[in-house]
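Order of writing sets the labels: A, B, C and D. Residues in every chain begin at 1.
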Amino acid sequence: MNLQLLAQINSFLAALVLLSAFAMLSQRKINGLVTLFAWQGLFLSINTAVVGYVAAKHHLYISSLLTLSIKVILLPYILHVLVVRLKIKKEMETIVNIPTMMMIGIALVLFSYKLTAPVREMSTLITRSTLAVALATVMIGLLMMITRKHAVTQIIGFLAMENGLFFAATSATYGMPLVVELGVALDVLIAAFIFGIFFFQISTTFDSLSVKQMESLREDN
Amino acid sequence: MTLLILIITPLAASLILAFIGNRRFAPEINIFCSMLTFTAGIALALDVYRNGQIITGEKFFFVDAFSVYLTVLTSFVSMTTAVFSLRYMQREREHGRVGRRRMRFYHAMFQLFIFAMLLCLLANNIGVLWIAMELATLSTVLLVSLYRTPNAIEAAWKYFILCGVGISQALFGTVLLYFAAEKIIGEGGEALLWTNLIEVSGRLEPTILSLAFVFLVVGYGTKVGLVPLHNWLPDAHSEGPTPISAVLSGLLLNVALYALVRFKVLVDGSTHTHYAGNIMMGFGIVSMLVASFSILRQRDIKRMFSYSSIEHMGIATFAFGLGGSIATFGALLHMLMHSLTKSSIFFTVGHTCQMHQTQEIAKIKGLFKGDPFVGWTLMFGSMAIAGMPPFGIFTSEFLILTAAIKDVPMLVPFILIGLVAAFAGLLRKVQYMVTGDVPSYSKSIQAARAPVILHMSLVLILAFYIPNFLNKWFQTAVELLK
Amino acid sequence: MISPIELSTFSVVAFIIPILFVILIGNNRRLLICISFSVSALACLINVVSGIMAVAFGKTEHVILPIGLPSLPFHLRLDPLSGFFLFVIGLLSFFVSIYSIGYVSGLAGDKPIKRLIVFYNIFIAAMIMVCLADDALIFLVAWEVMAAASYFLVMFEDGRSENRRAAYLYMVMAHIGAVLILLSFGVMAGFSTGFEGYTFDAMREANLPLKWATVAFLLSFFGFSAKAGVIPMHVWLPEAHPVAPSNVSALMSGVMLKTAIYGIIRITFDIIKVFPWWWGAMALAFGLVSAVMGVLFALMQHDLKKLLAYHSVENIGIILIGIGLSMIFTSFHLPIMAALALIAGLYHTMNHAMFKGLLFMGAGAVINATHERNMDEMGGLIHLMPWTSSFFLVGCISISALPPFNGFVSEWLTFQAFLLSPSMPIPLMKLLIPLGAALLALTGALAAACFVKVYGVIFLGNWRGHNHPVVTEAAWSMRIGMMLTALTCLCLGILPTIIIDLMDSISERLVHAKLSSSSGIYGWMWLTPIDPERASYSGPLVFIGIIAVCAITYFMLHVKPGKVTRVPVWDCGFQKLTPKMQYTAVSFAMPFRRIFGFLFDIKEQVWMSPQQGHCAFPVKTNYYLRVRDRFWGWIYRPIIDIVVLMSRKAGMLQHGRIHMYLIYSFVTIIFLLALL
Amino acid sequence: MKLLHLIFIEILQVLIVIFAAPAFVGWVDMLKCWSQGRTSAGVMQQYRNIAKLFVKDVVMANNASWIFRFTPYLVFSTGVMVASVIPIISTNLFLAPSADIIVLIGIFATARFFIALASLDIGTAFGGMGASREMMIASLTEPAMLMAIFTVSLTGGSTSLLHIVRAFTSGVVVVRPSIMFASIAFALVVIAEAGRVPVDNPSTHLELTMVHEAMILEYSGRHLALIEWGAMIKFFLFVTLGIACFLPWGIAATDDLVSIVISVFLMVVKLIVAGSVLVLIETGMAKMRLFRLTEFLGAAFLMSTLGLIFFFILE
């Protein structure tokens, strides 16, 4: 296959990642969120594999496999189990209403496009244009954490940010060195276990998983 | 070799304690391992002192003057904390705040935390540095929520989320840095090695690096506790068990600042401006102002001292940002003095809280009469932390301030206000706690004196006499960083 | 032959011995007090000796201690100026230490004596180190240790809330002052490179541009005046001195304030050296305001120690007047006049140390005996405490600047300095400065009035109080301490010439002129500054003359024994004369309240309780008076309010909502990226 | 020989002062009586009073302390001390350098200090009232007096009386505005210091008005005599001080007998004049309320300050 096509595939997948990010932003149902997160992971791992093929970097295959196993299979499974176990109610209310979030999201995309301009100029990689998308994904993940009131959604936002970062690494530099990739993956795993424990602690201490109740530590004015 | 021992010991210890951490002699094991770590640290220090900086393990590890003194400090404070936590946690168990299984967890995580911090300090690879930093966060998150009270869980959750987000920003910054570096050094692991980066820092692309520094400063700054990224810090410090508060504000903040300073050197090296320095100065001033004014109206003793940690990190950040030989020297000294003093204060605070069964300042009274040792150490510790001689923090603040009025006179009034406000706030609360009559509900406890005395005397001695090796390290570090 | 500076350094070490005693024989109270305070007294005596040597030889010696920062070891230096202050500190501390033996034993048993002894010694040692310091670091270390030690001494009775409040206020003010001083050192060190810049020698070398010199001077001036209690930085002083143990207040008011004067002189005359005249004018203005306001505030008090504290404000003002004049003269290159003014200031420094120490010791004795600080509850103690009363009288006369005692000499010298103002090139100053002299005269007269009140109300008349404690004469060691101080006051008043000739070495170094070279043709009996034609005062002759005439008249009238009939007080036929009808401190000060009332925030109420029978005879009349310092409301209240507001605002950042926290970091990123 | 001579002059002057003071006061009283159309008791009346008091016994309150007994002697001796310093009949007094004007004021202040203490000693309301008022008046007079003296000593270039007198007498006689104003101020101050109408009324015992009398109310016998005498000496000295400062011409510069006699004669003339001037003022004005005194003394202060300002502006 020629590079042209691969580049197009790459940017197409990038578009899908961003799309899934937006979808998550607008998704109300928690199961839907988990599914979308899985999809995002899937696109990401395919993309990584493609880039690995393009750049002939074999460690990228490994990281793509890692992504597949952790972010597509493991984490969604854990989340799903938790959702079932803790009987989390399906509907998630958001702080800001959906259309506004969309607007903000688009603004973020433009912003990150502007930001990554110097990188694009410098870079010679075929993936360089997708860096903007990666940064946008990170930002949208952060936005999601900000606007959702629920612990699980915040975690998903967090993981979406991780996805974005991973994507950024791939697109900007054909991925970090393997040791770093592994380390990051390990951290994500530990994080996953920790928030697993957390969900139980929270739901046992407070009656629900809503972050709303956790505002007691404050300077009482 | 010593280096490997230094790294492996805490890791192995955490593994062992993960299984036998609930036994009767577990704390002793904990102490023993920390002592082993400390001796290894000393050995490493001597090694560095003799033959300068070390690069081993296929350039994986890198030790220079800056990191070695922090390494020794880390291992030392972790050792004294382990000693302190022996009796402290025992009493916590007697009060039924923690169960046996959680003791196991506590010991394991404690050692893991030490391991993570040492890895941060010794890693040559900035990617590994990031990983270790994340590990340090993760290992302490569940320690903060050890008591499982609603507040503890809330604090831990905030700690987890905020630091997680912050650290992800840092990763993005690292990616950008890697991107800029690989242009010059070439692909693969080489481009992430600090030793290579510092050599080529002049040739790195300035725009990318300044872009990267934004994410790095927000990322690591969150862990340093710079305002307005600090909100997790008071909660985590006040709700966790006291030994953890001690190591968090005594060591973790230092390590995060260490990372930040490393990157600052890189960025300013490439931009040839004072860009990173200015940002750090700004963060420093804001942090110390906000923190000082927050101290004034604290009702919780541990919260108050965690705010003072924010203040001091602000001062140190400001000083590093200021640059110049005297300011940098002062900043290095300040990191050392602060972590010694602050951890000893937290030990004392732990005793105080256990005596009065509360962290509320309003309920703590008459320490001079009740337990002179605790009272006076708390008084002197607070005076030291507030920058009164004859304690070391005064010396470092003296250097920083005088350097500041030389270079940035316009900023000095803000520092002045901050320092005085912090002093007034601390003194007010502490004076209230130490004076007066002993309340009925306060019961006397057997305080762990050794760590406190050790720390305070170190702070006192180092104010008047800085041993030669330390001085040599500081000077080389100054050359490296200024 | 051991050199003075070695002596002093040794003495500083010697102050550790009493602290060791506390550890060793802490349980034996009496023994501990006796031994430890006598050791401190000896250590102080060493400094008296070394001080005299330093001033007399006029040599300057350096010592570099092996401790401190690696590239900045502690530099010590003893020159005549610091020698003079060592002498003053040592002498008063010597007297006070003797006094303390009795005083501290007289304190109630539950008081934390050990704490007192430990910090007492640290305090004195720190003051000595301040005078010896020759680089910024050790100076500030000693300065702050001094502040901290005195803080703990003020907090001696930490059970009482007023002690805590006073100590807190004092410590905060002291710390603000210290930081200001630190910054001024920073400015001066900024003009030479590296760590060596922090030594005073380097600062002397570095010739600052005027702008920076001014900054440094202003910083240090206000820093030091916060410690000296110059108005409006005086608020801590009348709070802290009353609540401290009296031997401590004697030291704080007598010598600790003087270290601030030392600092001002050191920085202006020794380190900066060249300055415009308006610096001096500023010092002069602050001095005058402090002097007048201080004495007026004092007049309004009826708490004995508070009154004395306000008098410290006044006297610091007088000292500043001398120094300010000297600065003005120096800036106009009039060395001999500068020398006169400087000596006047320094001499008053020493005098104030002595008589204020004496007065506080006396106050301590009285308060120990009566357990009462409110003068309006006292009276007639002269019959019960003859020794204390006579020593206290000496103090009163000295502080009221009456010949032939020492206070008068220094004020006389200051007046002489004022009279030299016409030789200044600036017309306006020529006109204004003599008005300052008028203010000084007013101060003197008011001080006299105030101490007539003090002595009259405490020692004369009859006991006014409700409770009648058994009042006994002070312990012997207290009496000795006070007697020595009183004698010193008299000697300083009668034989000023000798001491002033000694002090030439100081003025020679600082303003390059001697006084004795101008005077001295009359010899030790006549004090003739500048020129015997201008002015002359002979303490001995006045003293001897007055005493002689008294004696002669006495004997002439008692050639045949004069009969003295003792009768009850003539009550004008009104039968019910009670002690309550005596004038009290409040009523004595009434005319002054009427005249100078506009300066204070006065709240005065009189109300008659329900009357029965004839309306002219109310059953009971209540009188309420509250005199407040206006400065608190003018300056400090607003500042405190602002700080509280700021802290509330800072607290609002921590509102507990994690979303907002995330937004913070988000916004921070956006902001920083926008900065790019 | 020379020394003997000096000592002789010194003693002579002191004696003159001591014994002339009552006469001067008597003269003033006499003038006053005449001006008020009363028959006077003559110049010698004050001598009779003093003599009478000396022979009387001392009656003292039970709680009078040593201060009460010591004060009269001190008051008297300060008067004598000052008398030996002010150049009245001659300018070569060997004791004169031992005290300049400021010291003189100081010495008088000492005397006042002790009187005030003594008046508080018994613990009656009168005493306290007197002391409080006296000290208040003193604190207001002192600045005015000092400013007046400043003007003089700036003109004379010295604060020691000898040199002021020499400076004036040696120079040609000029009318200086500064000196004029200063002298007026000084006159007002003398009235206040000596406790004459309108500041104080020596011949009243009405508690609302009395100041000096209230202080010495408890005294009797020789003590009272000494105090009264001391007060007279003080009054006399203040007048002579004024003379020495403002019209010193004629005070003997050489110590031959002739010039001394002349100067004594001149002094007597000056005193007579000064006394009558004072009487004019006293009879012209009524006793002031206590808190009006601020205005009176304020005027004195203003005068002296004007004098000072004129010294700098016009000369």
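What we mean here is this: a contact is a pair of C-beta atoms (placed from the backbone, for glycine too) under 8 Å apart; a residue touches a chain by one contact, two chains touch by 3 or more.
Here the structure is a predicted model, which means the values were calculated and not measured.
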Overlap of the chain A and chain C neighbour lists contains B
Report back the single chain whose CA centre is most distant from the CA centre of chain D. A
Using C-alpha atoms only, the most centrally placed chain is C
Take the average of all CA coordinates in chain A, do the same for chain D, and state the distance between these two points in whole angstrom. 101
What is the distance, in whole Å, between the centres of chain B and chain D, each centre taken as the mean of its C-alpha atoms? 79
For chain C and chain D, what's the span in angstrom between their mean Cα positions? 35
Gap in Å, rounded to a whole number, between the CA centres of chain B and chain A: 31
Contacts with 2+ other chains: residues of chain A: 115, 142, 145, 154, 211, 214-217, 219-220
The positions of chain C in contact with two or more other chains are 648, 650-651, 653-654, 658, 662, 673
Among line, ring, star, complete and other, which best matches the way these chains touch? other
Which pairs of chains touch each other? A-B, A-C, B-C, C-D
Where on chain C does chain B make contact in their complex? 67-71, 112, 136-137, 140-141, 144-145, 148, 155, 158-159, 164, 167-168, 171-172, 175-176, 179-180, 182-183, 185-187, 189-190, 194-195, 198, 643-644, 646-651, 653-654, 658, 661-662, 664-665, 667-669, 672-673, 675-676
Which stretch or stretches of chain B touch chain C in the complex? 157-158, 161-162, 165-166, 169, 207, 210-211, 214-215, 217-218, 222, 227-229, 231-232, 234, 279, 289-291, 293-294, 296-297, 325-326, 368, 383, 388-390, 394-395, 398, 401-406, 412, 416, 419-421, 423-425, 427-428, 431-432, 434-437, 463-466, 468, 471
Chain A to chain C touching residues, read off their complex: 95, 111, 115, 142-143, 145-147, 149, 154, 211, 214-221
Which residues, counting only chain C, touch chain A once they are in their complex? 648, 650-659, 662-663, 666, 670, 673
If we count contacts the way the header does, which residues on chain D are in touch with chain C in the complex? 54, 57-67, 70, 73-74, 76-78, 80-81, 84, 95, 97-100, 102-103, 106-107, 109-110, 112-113, 116-117, 120-125, 127-129, 131-133, 135-136, 138-147, 150, 153-154, 157-160, 163, 218, 221-222, 226, 290-291, 294, 301, 305, 308-309, 312
